[in-house]
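Look for chain A in each of the two complexes below; its partner is chain B in the first and chain C in the second.
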Partner chain A sequence: MAQAIDPIHQFQIFDIAGPFHIGGYEISFTNSNLFMGIVVLVVTGILIAASSKAALVPGRLQSIGEMWYQFIENMVKQVLGHEGKKFFPLVFSLFSFVLISNMLGMFPYFFTVTSHVIVTAALAVFVVALVVVVGISKHGLGWFKLFVPHGVPMVILPFISIIEIISFLSRPISLGLRLFGNMLAGHIVLKVFAGFVVVLGSLGFGGVIGAIAPLAMAVALTALEFLVAFLQAFVFAILTCVYLNDALHPSH
Partner chain B sequence: MDPQAAKFIGAGIACIGMGGAGIGVGHIFGNYLAGALRNPSAAGAQFTNALIGAALAEGLGIFSLVVALLLLFT
Partner chain C sequence: MSQSTLVVAEATTEAPAAEAAAGETTGQTEGTEAHGGGHGAFPPMDTKTFPSQLFWLVIFFALLYLLMSRVALPRIAKILDNRASRIEGDLAKAKALKDETEAAVQAYEKALADARGKAQSIATETRAKMTAEMDAERSAVEKSLAAKVAEAETAIAAAKAKAMKDVGDVAADTAAEIVAELTGNKVTKAAAAKAISDLKG
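Presenting the complex of A and B:
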């Protein structure tokens, strides 16, 4: 019984094909890899299907594709301005990957790729490393003016600089952990409430009546989790834009 | 004290931080709504900023949750 309602069990990674020993490393094809592949296939499938039969008056699928594209295009234009156009493919890919992996994770027995900190941390470290590379290649050493804000009295400037540097260094941690924590906590809460239903339901007639309340709660939380799945993908994409804005315009 | 019990107590104390994140997110959306009702024409443009603020405030609560999970499962 205790094993059957273990809320952590859903995050377990197991080998589907596996472990191959290549060059001294153990490499195996896991369920996480499988679902990353499915996410990429779903994103490309939807977008190809949406854009293959382009009509002047868009159908349902084409409307979804156009909304998806314009949503990110507006966001990039709003935050990064005209210069940011070359970062649109990056932001669009990140948003699509995170959104579809969050959404696919909501289906029963599906694995949530973004509920593992190694995946989200890799995405976040990539984004912040890109900010450093773009900033230095665009502004040279002048990019480090990001840590020395304008108009601050000389007395407190060292402290402000230290705070700015710490806040910059904590960005990859906070960006990765936010997505990971939201997905992990949401899925654990769903499974805990589903576990209440099972435990109460096994107590007989009175228990079944009592199980109505956690069941209703589980339904409401599922709706909330769909909202969170979209919101976290949106937040990840817009924070990527905000951080890239620091690389393009360091003296704010 | 039994180390296992101390771990569970520590995880519970760490989760108090999530209440602070709840207060912060409530403040952001409450003030956003108050501003939006005073000037509805400017509300649409600021919704993105409200979401960014909520995400930044929520991230700190998530940190305390991660600390609690680390205490429980390591």
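Presenting the complex of A and C:
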């Protein structure tokens, strides 16, 4: 009973295989890692199945695959233009990984990979690091003009530059924490309300009556969480595009 | 694969923080019974799990990226390209057929106009030919009729002359008879005729 009510328990990581060690670090295969693998399997499985018939007039599954593809393709095209085409697989992978992680997390007893700050932070740091690498490899040191906006008076330019640099450096933090916070908080709230239902329900008839409100809340929150799960994946993908746009077109 | 090396590099920088805490993670499995907080840190912030999370994230994300960029996305792109080219081809075909139809309609109209013109010219030609034929026939008929009229006239004239001459003979005979009856004198026919022609003159 206590296990069911503890809202933090769902984020617990435990070893499935291992412990393995590389260079003194423990890299045992955990439940979180298992779900990373499941996410990869689900994404690849859906897309392979969707494209297996390759019908001229798509069926339901193929429509889903095509919508998924074109959703990200249009996003990349609109934000990055035609130059961004080579980032399409990356943005697609990020979006799909986050989306399916979030969605799988909605199943009871499933682990939510994106509810761990290290995962979202790693993805965010990777995106921003990629922006820096691509920006410098494309524009050389001229890329740093990104931090020196045009048409700003010389007097306040240093301050503006400092603000620009701080805002750039805070991107991985905001990008990673936004996703992490949304998933973590959503799951905790969901669990807390569901826990109320269980606790009140175990108190007898009056408790069952009293449990109706939190049950309704839990149902409503579940719907909201599905929305959040999609929205956060979308936000992560579009911010990745926006940041990559800085790497490709720093003058804007 | 620059991105995977990037994340690996990132992993190694963050790892020292986790190194101290990298003890036994398995201990947490027993923490299920009690409240989670009792055993170690808040799970999402537990630095003990960071190395394994990063390690497997790099592996699985790289795997996902490879599967997407090499397998899944090209397959869907091919489907979409096929459809786009098919639609484009069908549209081009439709346009070609439409052009063909328009050409056929134009050709038909031209043929119709030609036929109409030809029919008109044939009609005019035929009319002219028939008029000419009719004129020729009419003149031939007229000519033959005139000849017949002239022939008849001469015949009439001859008959008339013959009749006149007969009338003279008859008159001479009659005159000679009458003279003989009245006077008893025999008058020759020639003298009677001479007398009549003298009278006439």
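Here is the rule we go by: the second predicted complex is superposed on the first by the 243 of 252 C-alpha atoms of A that agree within 3 Å, B and C clash if a C-alpha of one lies under 4 Å from a C-alpha of the other, contacts with A are read in each partner's own complex, and residues count from 1 in each chain.
Going forward, contacts are C-beta pairs under 8 Å (C-beta built on N, C-alpha and C of every residue); 3 or more make two chains touch, one makes a residue touch a chain.
Computed from a predicted structure; not experimentally measured.
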| item | value |
| --- | --- |
| First (chain B), second (chain C), both or neither touched by A:182 | first |
| When both partners are placed on the shared chain, which of chain B and chain C touches more of chain A | C |
| First, second, both or neither for A:81, with chain B first and chain C second | neither |
| Touching partner for A:89 - first (chain B), second (chain C), both, neither | second |
| Partner chain in contact with A:39 - chain B first, chain C second, else both or neither | second |
| Partner chain in contact with A:149 - chain B first, chain C second, else both or neither | neither |
| Which of chain B and chain C A:9 touches, first, second, both or neither | second |
| Shared chain A contacts, counted only where both chain B and chain C touch the same residue | 8, 180, 184 |
| Residue ranges of chain A touching chain C (in the complex, touch as defined) | 2-3, 6, 8-9, 11-15, 18-19, 22, 24-30, 32-33, 36-37, 39-40, 43-44, 47-48, 50-51, 54-56, 58, 62, 65-66, 69-70, 88-90, 92-93, 96-97, 115-119, 122-123, 125-126, 129-130, 133, 180, 184 |
| Complex contacts: residues of chain C adjacent to chain A | 2-3, 6-7, 10-11, 14-15, 18-19, 22, 24-26, 28-29, 31-37, 42-46, 48-58, 60-61, 63-65, 67-69, 71-73, 75-80, 82-83, 86 |
| Complex contacts: residues of chain B adjacent to chain A | 48, 51-52, 55-56, 58-59, 62-63, 65-66, 69, 73 |
| Contact footprint of chain B on chain A as seen in their complex | 8, 75, 78, 174, 177-178, 180-182, 184-185, 231, 234-235, 238-239, 242 |
